[in-house]
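Chain IDs A, B, C and D follow the sequence of writing; residue 1 opens each chain.
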Amino acid sequence: MEQTLRVCIYGATGYTASELIRILVEHPYVRITDLVSSSTAGRKVSEVLPHLTPKLGDLVLSKEPEEDFDLAFLCLPHEVSLETVPELLSKGKKVVDLSGAYRIRNPKAYEEFYGFVHRYEDVLETAVYGLPEFFRESIKGAQLVANPGCYPTATLLALYPLIKEKVEFDSVIVHALSGVSGAGRGLRQQFHYPEMEENFFAYSVEKHRHTPEMEDVVKRLSGREMRIRFTPVVVPASRGMLSTLYVRTNIKDIEDLYRETYSGEPFITISRTPPMTKWVLGTNNCILYPTYDARSSTAIILSALDNLGKGASSQAVQNMNLMFGLEETLSLPTVPKFP
Amino acid sequence: MEQTLRVCIYGATGYTASELIRILVEHPYVRITDLVSSSTAGRKVSEVLPHLTPKLGDLVLSKEPEEDFDLAFLCLPHEVSLETVPELLSKGKKVVDLSGAYRIRNPKAYEEFYGFVHRYEDVLETAVYGLPEFFRESIKGAQLVANPGCYPTATLLALYPLIKEKVEFDSVIVHALSGVSGAGRGLRQQFHYPEMEENFFAYSVEKHRHTPEMEDVVKRLSGREMRIRFTPVVVPASRGMLSTLYVRTNIKDIEDLYRETYSGEPFITISRTPPMTKWVLGTNNCILYPTYDARSSTAIILSALDNLGKGASSQAVQNMNLMFGLEETLSLPTVPKFP
Amino acid sequence: MEQTLRVCIYGATGYTASELIRILVEHPYVRITDLVSSSTAGRKVSEVLPHLTPKLGDLVLSKEPEEDFDLAFLCLPHEVSLETVPELLSKGKKVVDLSGAYRIRNPKAYEEFYGFVHRYEDVLETAVYGLPEFFRESIKGAQLVANPGCYPTATLLALYPLIKEKVEFDSVIVHALSGVSGAGRGLRQQFHYPEMEENFFAYSVEKHRHTPEMEDVVKRLSGREMRIRFTPVVVPASRGMLSTLYVRTNIKDIEDLYRETYSGEPFITISRTPPMTKWVLGTNNCILYPTYDARSSTAIILSALDNLGKGASSQAVQNMNLMFGLEETLSLPTVPKFP
Amino acid sequence: MEQTLRVCIYGATGYTASELIRILVEHPYVRITDLVSSSTAGRKVSEVLPHLTPKLGDLVLSKEPEEDFDLAFLCLPHEVSLETVPELLSKGKKVVDLSGAYRIRNPKAYEEFYGFVHRYEDVLETAVYGLPEFFRESIKGAQLVANPGCYPTATLLALYPLIKEKVEFDSVIVHALSGVSGAGRGLRQQFHYPEMEENFFAYSVEKHRHTPEMEDVVKRLSGREMRIRFTPVVVPASRGMLSTLYVRTNIKDIEDLYRETYSGEPFITISRTPPMTKWVLGTNNCILYPTYDARSSTAIILSALDNLGKGASSQAVQNMNLMFGLEETLSLPTVPKFP
């Protein structure tokens, strides 16, 4: 790699790309070479993403990368990423894929949960799941990092200490709240401002594609098949995620366990009070609040992060830092805008 | 008319229709005969407007009215209303048109501001502008009422006492804020929840179709041509409107003037403090706060209403009450949901 | 009772009182005799509750009721209600108490969860829990109705069909979201607008006073002691409540069970899609969505209502209607403001 | 100065301090020595400002600075700053004062608009008004910088090109919208979340302390006394400011004038469309949209900034950079969080 890391962003007009750009323009060793967007190619950044005007206004979005690069971030739809990843790998590029196309090791899950047949099993096998707290060493050597989903990140970070400690449990309920940006930039009636304001509701109660992702990683970590009951809820906020786990088990000193497990982790905080999502907005932090309810023999773990931060784009940059031997925390925000 | 007033609503799936339905189901003398919607005909209310399920869930939307009716409320696009109004009038129906198609007496304005040629000048001449505080007697006898726009209602109610009192002035600046529902139910990127939340901005600064509407009514009331400088701003709220008028003039006892002018008006309140839009949400009230700034020789009048209430649907019901000889205030809410 | 029901509201400046007033001013048989408020007595409504100005602006709040009345609604702090209830009963008044002071039959619970000793066990025994769907007949004859808490209303309505059908289960997890008005009108840093906007968080995770209330009613209904694991979360909305229940059990045809149980209930709707809180704002409706997840052997029931509507004030009016032999649904809103 | 600039923050628990900290922890040459807070001294940052926990959680707030420093930022109430500034200056410290205590050169204005007698006229005379775009050279040499108010910053930047160009005009109307954080962290009923949500309203219509501040700077820049008619409005957003100026005048090519005036200014953008406040959140940018309405002979200039960014804390850091000979743009954010 050159002194400067050349980075290309595919799917540059969505929210995860927007957040990537915000972080990368402050990164001391990164230069963004191209913003690729099939739908808005040829237009200036100032027209398409006017909030970037003061910094990048005159840049023109491109249909294909016009300059060579070291790393591509893919902020593409799942089925587009599916095809783009092998192409880029075959050209020797490193890739951080923010879609779900290479997150689950079992290709069959894609038919049921994503609606397409996954024809790149060999590539799937090489993908490293980009949760540094679990797979740091593999990420360092990866050519392809599958950047985790927001719900899985919040949930797996909350569950991991129990798994690591081999705490006995057989049932996990995950009730998770998300701000609206988690659903992306595409327009939908229910996300029209007048209808989403002062409104909150569950969705995909029967089936959500983050369920097999979570179960797959749990299996990697514990060797066990486990069924996770997952209910997502959307609340009237732009960003933020709060996942609550209910785990029936017996455990003592749960706070100590969590503190030990994540001791030294720069982006994980164990809180003594239930975390507010406002504390993590725009940052790469995840705040955990573990507690045990003896009345119902239930460990309850709250997990807060920014769905576009640790849940997507800043985690992607953390992965980039690891892949290129940079200091892991470089350029990653830890202080939120408040209020 | 029968004992019961039979009412048909065209364009039944938008916000003004939704608010009309909320008011009309509580009206003691009204029966809704048909909810007409070209785009969703044949579907049940519970599918299209699920918030109405407990009351009207099994009703089916229709392509054309299936039952006879006495009055039609048109919640249609301007260019559709343009055609539907003469049709209905020719069948002897009474009409309250919530679009802008029959509000401005000068047909030429439609080419410039609405983008269509107005071919129904004769109908236009018979339309009564549905602001009861100014045109109550004409409304009582009208077959067609053109229900005013939200900005014109807020602004004209605020300006009227100065006109009536023949206060000298030559310049009016109107700076008006609106909740997002004023832009309707159609999806647009800027109104996607994550982008509209924590966001506010002016739009149509150069030219807005409510400007000629306001100027036309001012001319009817005062006999004078007057140029209104109008700037609309959208703020992150679902409903509510706050119009501020700056009128360069000399005047004393402005509060008294406003109190006298609107004495006895059931829906106009003169406030001693700047009104909050929250005080009028869901109601047919307009709250005015007139004050005079001697330093700058400027009368400043604040006017608050609900853009879907007095600015649209409840005012339409007020017009209906007048057209059919009912008590004017019947079924019209005056107490807002708070908070 | 007279032809007109004379109603006095104690604690008239909070949110539950405000919502009561909104409903009662439209009630055909009710006259509000006094708005009692120790803190603002002597002041006009227009100063204290300016949103009521157009309807009740000149009314003066009083320290004690100045006129005789048939029914008192108590919107007082728990420990004030505790004392006021016996006083009013001894004068022969009927009372609907919106505080928690008479909801739990076990007086000991008050020490642990409310921080006071309950010295009126005899009164407590006569109190009827004001959930009409369960205790309609008792409410009709009650002198004192303890109006349920918002979380218990949402949760118990969701749980009741399983209890009634004697479905076997031993564990209930309740994860419930509430708008901020549920915490009342008192100022707190976390509810300051800039901090609450774009923020959501759990609170009282260890212990909440609605837990013993729910468990007490479950015991009355089922004869069984049951431990409910309850986690409340506050989300950035003014009103609305969404309670999700996780019940480990085996059950078939859960939707049918819910439809049968609540068949004929005017305010309960069984929905085929997860309910949005926006569908119930300002109404007395509760919308239930029951589903069964065979993978995890868990019945999941979603329950949406307005915490100030069916969760407080409109339910209080429903109770009033029953207590005085009026039509149960009189004046109770079922169509929400939308959007 | 040392290699590292030692910075002390007084009044560390409010919003402007919170934003200062967010910026300064990323500044390569700054070290925060003390967070001074009279009300929370002795407590840990994690208790008082929990959103800072991951970065500064163990830091203890102090009653007085415990370490020597080069620069103090004062985020204190006006009347406290009034006294603290001369103290610090006499000890040879440099000061950026974010209060209003040293912004207006005429001490008499303080009695009328701030409610206190200003006894430090000599200090007042040495204060440099911290708007770099106007007073850059003076700021470089200043010991005391009076950091401008948010409304004056937005308004003066919008007005300056007309003054500089000596455009003739005699009347300026400023209608400005602000997010709620502009009112500070102190609790007030109207800013309680359930009341502020879905609410907007004007305040201080008769008299606001930013009016004399604006008029004073206009006089410095133009040599003319000018009366500004200023109306502030609060809207339901946490941050953001949109100021609209109406200037009656004749002018051509207004956009060119603005582009020329601010050519080379790193934080001023001239936009071809009305700016959205979301484009500036968390940044030091000000976006101007100048237009001319020939119909009403009125120049209309829209000005958007973040009231806590360019309107307060990031502008304070810009001033700091200038005062200490650092690159002016160092560490100042120009890309907003989006969405």
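We adopt the following convention: a contact is a pair of C-beta atoms (placed from the backbone, for glycine too) under 8 Å apart; a residue touches a chain by one contact, two chains touch by 3 or more.
Not measured: the values here are computed from a predicted model.
J.: Could you tell me which chain lies farthest from chain D when each chain's centre is the average position of its Cα atoms?
T.: C
J.: Comparing A-B against B-D, which pair counts more contacting C-beta pairs?
T.: B-D
J.: What is the distance in Å between the mean C-alpha positions of chain B and chain D?
T.: The separation of the two C-alpha centroids amounts to 39 Å.
J.: What is the distance in Å between the mean C-alpha positions of chain A and chain B?
T.: Whole-Å distance between the two chain centres: 46.
J.: Pull out every residue in chain C that's touching 2 or more other chains.
T.: 15, 179, 181, 194, 197-198, 236-239, 276, 278, 281, 339
J.: Quick one: which bits of chain A touch chain D in the complex? Just the residue numbers, please.
T.: So the residues of chain A touching chain D come out as 15, 18-19, 21-22, 25-26, 49-55, 57, 181, 197-198, 238-239, 267, 269, 271, 273, 276, 278-279, 281-283, 285, 287, 333-339.
J.: Note which residues of chain C are touching chain D in the complex, please.
T.: Where chain C meets chain D, its residues are 15, 179-181, 185, 187-189, 191-194, 196-198, 236-239.
J.: Can you tell me which positions in chain B touch chain D when the two form their complex?
T.: 171, 173, 175, 177, 179, 190, 194-195, 197-203, 205-206, 227-229, 231, 233, 235-240, 242, 244, 246, 248, 274-278, 281, 289, 291, 293, 295-296, 298, 300, 302, 304, 339
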